[in-house]
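One chain, subunit A, appears in both complexes that follow, with subunit B as partner in the first and subunit C in the second.
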Partner chain A sequence: MKIATQNLTKVYCRGKPAEVEAIRDATLGIREGDFCLLTGPSGSGKTTLLSLLALLSRPTRGKIFYENEEVSSYSDAWQTKIRKDKIGFIFQQYNLLPQFSAWENVALPNLCRQMSKAERRSQAISIMRSMGLGERVEFKVARLSGGEQQRVAIARALVTSPEFVFADEPTASVDEDTASAIITLFKNLKKEGKTLVVSTHDSSLIREATLHLKIQNGTVSRFNGS
Partner chain B sequence: MKRLPRRFQEHSNFFEYAVNSLFTYKTRTIAIVVSLTIAIMILGSTIFVSDGLLREAQLSVETAPDITVQNMEAGRVVPMPNAYAEYLGRFLDVRRIVPRVWGYVYLQDSIYTLMGIDPSTTPIAEELGLTLESGRFFSGNERNVAVIGSQVGDALNIKLNDQVKITEVHAVYSFTVIGVFDSDVSLFTSDLILIDIETSRDFLDMPPDTVSDLCIYLDDETKIPSTASMISQVYPDLRVITRESMKDAFASTYGLRSGYVSVLWYVLLISVILVAWNQASSASVESQREVGILKALGFSTSNILEIRFLETLLLGFISASIGIFLAIFYDLYLGAPIIRNFMLGWSAIYPNFPVPILISFGSLLTLYAAAIIPLLVGTLIPAWKSAITEPDVVMRGS
Partner chain C sequence: MMLTFGAAMNLLLSVCALLLTLGVLRMAFRIFRRWNKSDDEERHELEKGFYLTFSVVMVVLGIRLFLVPLYFWNMQSFVPLVPGAMCLWGVFNALPEGAWPSLFLKIVLPAAYLSWLLLARINSSCRTNPLIRNLMALFMILTPFLLIDFGTEIYVLSQLSPVEVSCCSSAIDVGTRLVPGAIGAVSGQTLLLLILFPYSMLYVASLILSTKNRAARLNALAITIPIGILLVVTITETLTPWLLRLPFHHCPFCLFFQHPLSLVFTVLFWFGLATPWLSLATRQLGRLNGEAKEVEYRLSKTLTTYAAYAIIIAMALMLVDILIVFS
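For the complex of A and B:
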């Protein structure tokens, strides 16, 4: 298994009146090249599970394995290194930095690598062109439409050619054309052999999934169709 | 363009990011630069003046007599009989005793020191370290001549060979300026008008055969403390001032005064730290969110701290540099108003001499450290707190 979990549990506001068990005893396995889809109603815990799997958050209980190595107990520095080397994350709210231009946002993950500005720029522009953003390279992100911002966020997640791509509702806030372009992009990533974990409400993505996980009130179960 | 070695590339990238951040958080940048610049300007101008005065004081003290004695009555300095010169001259190691008659004279809305000496008993100028910028010292029985401080000349618009007139209730005294002191030792000579002892006694209405004080010069400087102690024991009514005690008095006076300003400065500095802290922590959700995003993208805690360190270093360096520049401008070109009066005394009739300034490497280093270190504490701790928190939590702002 490329990514696996064992009794993964995440509790927010632990010990307080507002305590919420967002993920409960999730045990799952994602193989190399899988297109894993997480579906479920709003507030069911999809984003929490993605954050846990992408090492953006630590579990309250349970374990996360990357290539059979238990990474959930790794130090912050090692988890950061894994995020840097292996993970690309597409946030639902894009999480772009408004002070930078579109290409600078895309090139941001390469800032902590030994790459010159020219190299970062050229790599960022190349990926942006492939996503139809060639005309928007120098634009500040605030001047871009929602769909364009989402594509910039996707380009940023892919610029380091990560092994694992996590996407949180990538088609939720974009128009139909952009959604369709994003779906095509994910299909291509699947063909390239990337391991994808995507949370979505979009039924058109279900056909592409090799693994479909359904989340209901924090409980993760494998969806068998129907 | 020449490429940086690979190992520096990452740091160069972070520097670029830090510069960008300064422009991004404009309000924070402006708030910190303005407040820190003002704080550094106040502290800097005080330190420069205080160091300048201390150096001048030390230079003056170097030319001062080994021991100065004054006559005290009921805690006040009163004229002392000149006969003391003979008694004190009997002490071992005493080489020479110089009587002085001095007081203050009011000229053109300012107060000057009028000092009368007897050229026959006074050491030659070079021996005292007092060199003349132009002209000569008076000698023998010369009357109605004066040697003035260069800044007295500037303030009263008097040159060599000009007449300086001093008015007393019953008479007008006129002196020909025959010499001007070198401006190097300005604290001692800046407001000085040196004339013969007889005329000075007459002008200051002092009884015949009395003097203001006696300057004692010893053969061996190492004997100053023991001789001073002996004089005090034999003549308990005399105030005995050694060169060292003068040095201490200057140091404590200017040190204490600059200390008051420093206290005010600390208050200002604390507010700067609070601004920085506030902006870098709870008040700046954007800044925290940015840290979360960077962490999510693979930036390590040390990467983030390096960025914030460079950003703060730049901010502190720019603020300190502007503050120091303004402090120099304030001291040198504006004459350090307010601070000058505070350090020299609030007398409105003090002559308007240029205030001595000393800008040393040590004081510059102190100012840069004072600007940068607290700012680093104010920004790095909140940044570190955000950087060690789970990225998901920081991005959510919870």
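For the complex of A and C:
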């Protein structure tokens, strides 16, 4: 298994009146090259599961394995190294830095690599061109439309050629054309053999999935309905 | 109080580092107490606290190590201000109850600080922070020594006054010498060097072999003590009179001040001799196993190589110093 979990549990506000068990005893496995889809109603725990799998937050209990290595017990510094080397994450709210230009946002993950500014720039521009953003390279991100911002965020996640791509509702806040372009992009990533984990409400992505997980009130189950 | 710029800087750094030490002590205790009992999520919180504590301790120990040469430089700068003092010996005797213990601490404690820093290096090279608890426990054990170290330093720098003292030769150069004038046809002073050099080479050989062989490691450890004693005796009995060209003067402080190269080779010798003890302390205090043990092995190998080089360079510098003086 490329990614696996064992009894993964995440509880927010533990010991307080507002305590929420966002993920409950999730045990799952994602193989290399899988296109894993997470679906479920709002508030069911999709984003929490994604951020746990992408090592952005720590589980309350349970284990996460990458290539049979238990990475959930790794120190912060080592998890950061894994995120840097292996993971691309596309956030629902883009999380772009408005004071920087589009290419500077895309080149951000390469800042902590041994690369010159010229190399970072050319790599960023190259991936932006492949995503139809060639004309927007120097634009400040605040001047871009929502769809363009989402594509910049996707370019940022892919600029390091990560092994694992996590996307949190990537088509939720974009128009139909952009959504279809993003879906095409994911199909291409799937063909390239990347391991994709995507949370979505978009039914058009379901056909592409090799693994469909459904989350209901924090309980993760394999969906066999399609 | 003799307040010079250097002394003021020393005092300021000491007080700041002292406050930093006291500031993180509580957090270090909390991490130590909770680490083994905590679940994954609490561990993450404790780990964040550890990174802060770790950074502060690194700064404190960095300051502590930086203050060692600064302290001696300051004390040396007081020589003209203390009537009767010709070197550090005289300055130390202007406040003997503080200065001599402080000198002892400055020779011994840097090894303990380096040991902590080595363990921290091993910990950060491992994937799961296996030594967090040990590091926090060791920091708490080190804290009283740190406080004593800072305390004596602050006491010496704030209380030192220009009282009249006796010069070093009135204490060091009197009485019978440790080494006889001649043994057979060879002078006692030459004989010391003739023993020190091959013995040091034997030590270097043991160091090199110690990375593969446990017996050689124990041998290297055992040799450090006689070589350390031999080095001190050689410096006072042979090198000082030879290099200063004062046949009856044996004060090492005069030597270090007038022949800075001698200070360099002494420090290199100190590092070379301290390394096997540092490795032993790291292994024992860390109670290493698994990945940490492998990292320690690699680090220890590198350090041992540096130690061997340090001894060889120290011997070469010693020889160069002697040749320069006699040429």
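Quick notes
Everything that follows uses one rule, which is that the second predicted complex is superposed on the first by the 225 of 226 C-alpha atoms of A that agree within 3 Å, B and C clash if a C-alpha of one lies under 4 Å from a C-alpha of the other, contacts with A are read in each partner's own complex, and residues count from 1 in each chain.
Basically, contacts are C-beta pairs under 8 Å (C-beta built on N, C-alpha and C of every residue); 3 or more make two chains touch, one makes a residue touch a chain.
Everything numeric in this text was worked out from a predicted model, so none of it was measured.
By the document's definition of touching, of the two partners only subunit C reaches A:P59; subunit B does not. After overlaying the two complexes on the shared chain, residue contacts for A:S51 are found with subunit B alone; subunit C is out of touch. Comparing subunit C and subunit B on the residues of subunit A they touch gives the larger count to B.
When the two complexes are overlaid on their common chain A, residue A:S126 makes contact with neither subunit B nor subunit C. When the two complexes are overlaid on their common chain A, residue A:N7 makes contact with neither subunit B nor subunit C.
Of the two partner chains placed by the overlay, only subunit C lies in contact with A:S75; subunit B stays clear of it. Of the two partner chains placed by the overlay, neither subunit B nor subunit C lies in contact with A:Q216. Counting contacts as defined above, subunit A residues 58, 76-77 meet subunit B in one complex and subunit C in the other. Looking at the complex, you find that subunit C touches subunit A at residues 39-41, 43-44, 47-48, 51, 124, 126-129.
Considering their complex, residues 11, 14, 58-62, 72-78 of subunit A touch subunit C. By the touch rule above, subunit A contacts subunit B in their complex via residues 51, 54, 56-58, 76-77, 80-81, 83-85, 87, 89, 91, 95, 97, 99-100, 108-109, 111-117, 120, 156, 160. Those residues of subunit B that touch subunit A in the shared complex are 3-4, 6-7, 9-10, 13-14, 16-17, 20-21, 23-24, 289-290, 293-301, 303, 388, 390-393, 395.
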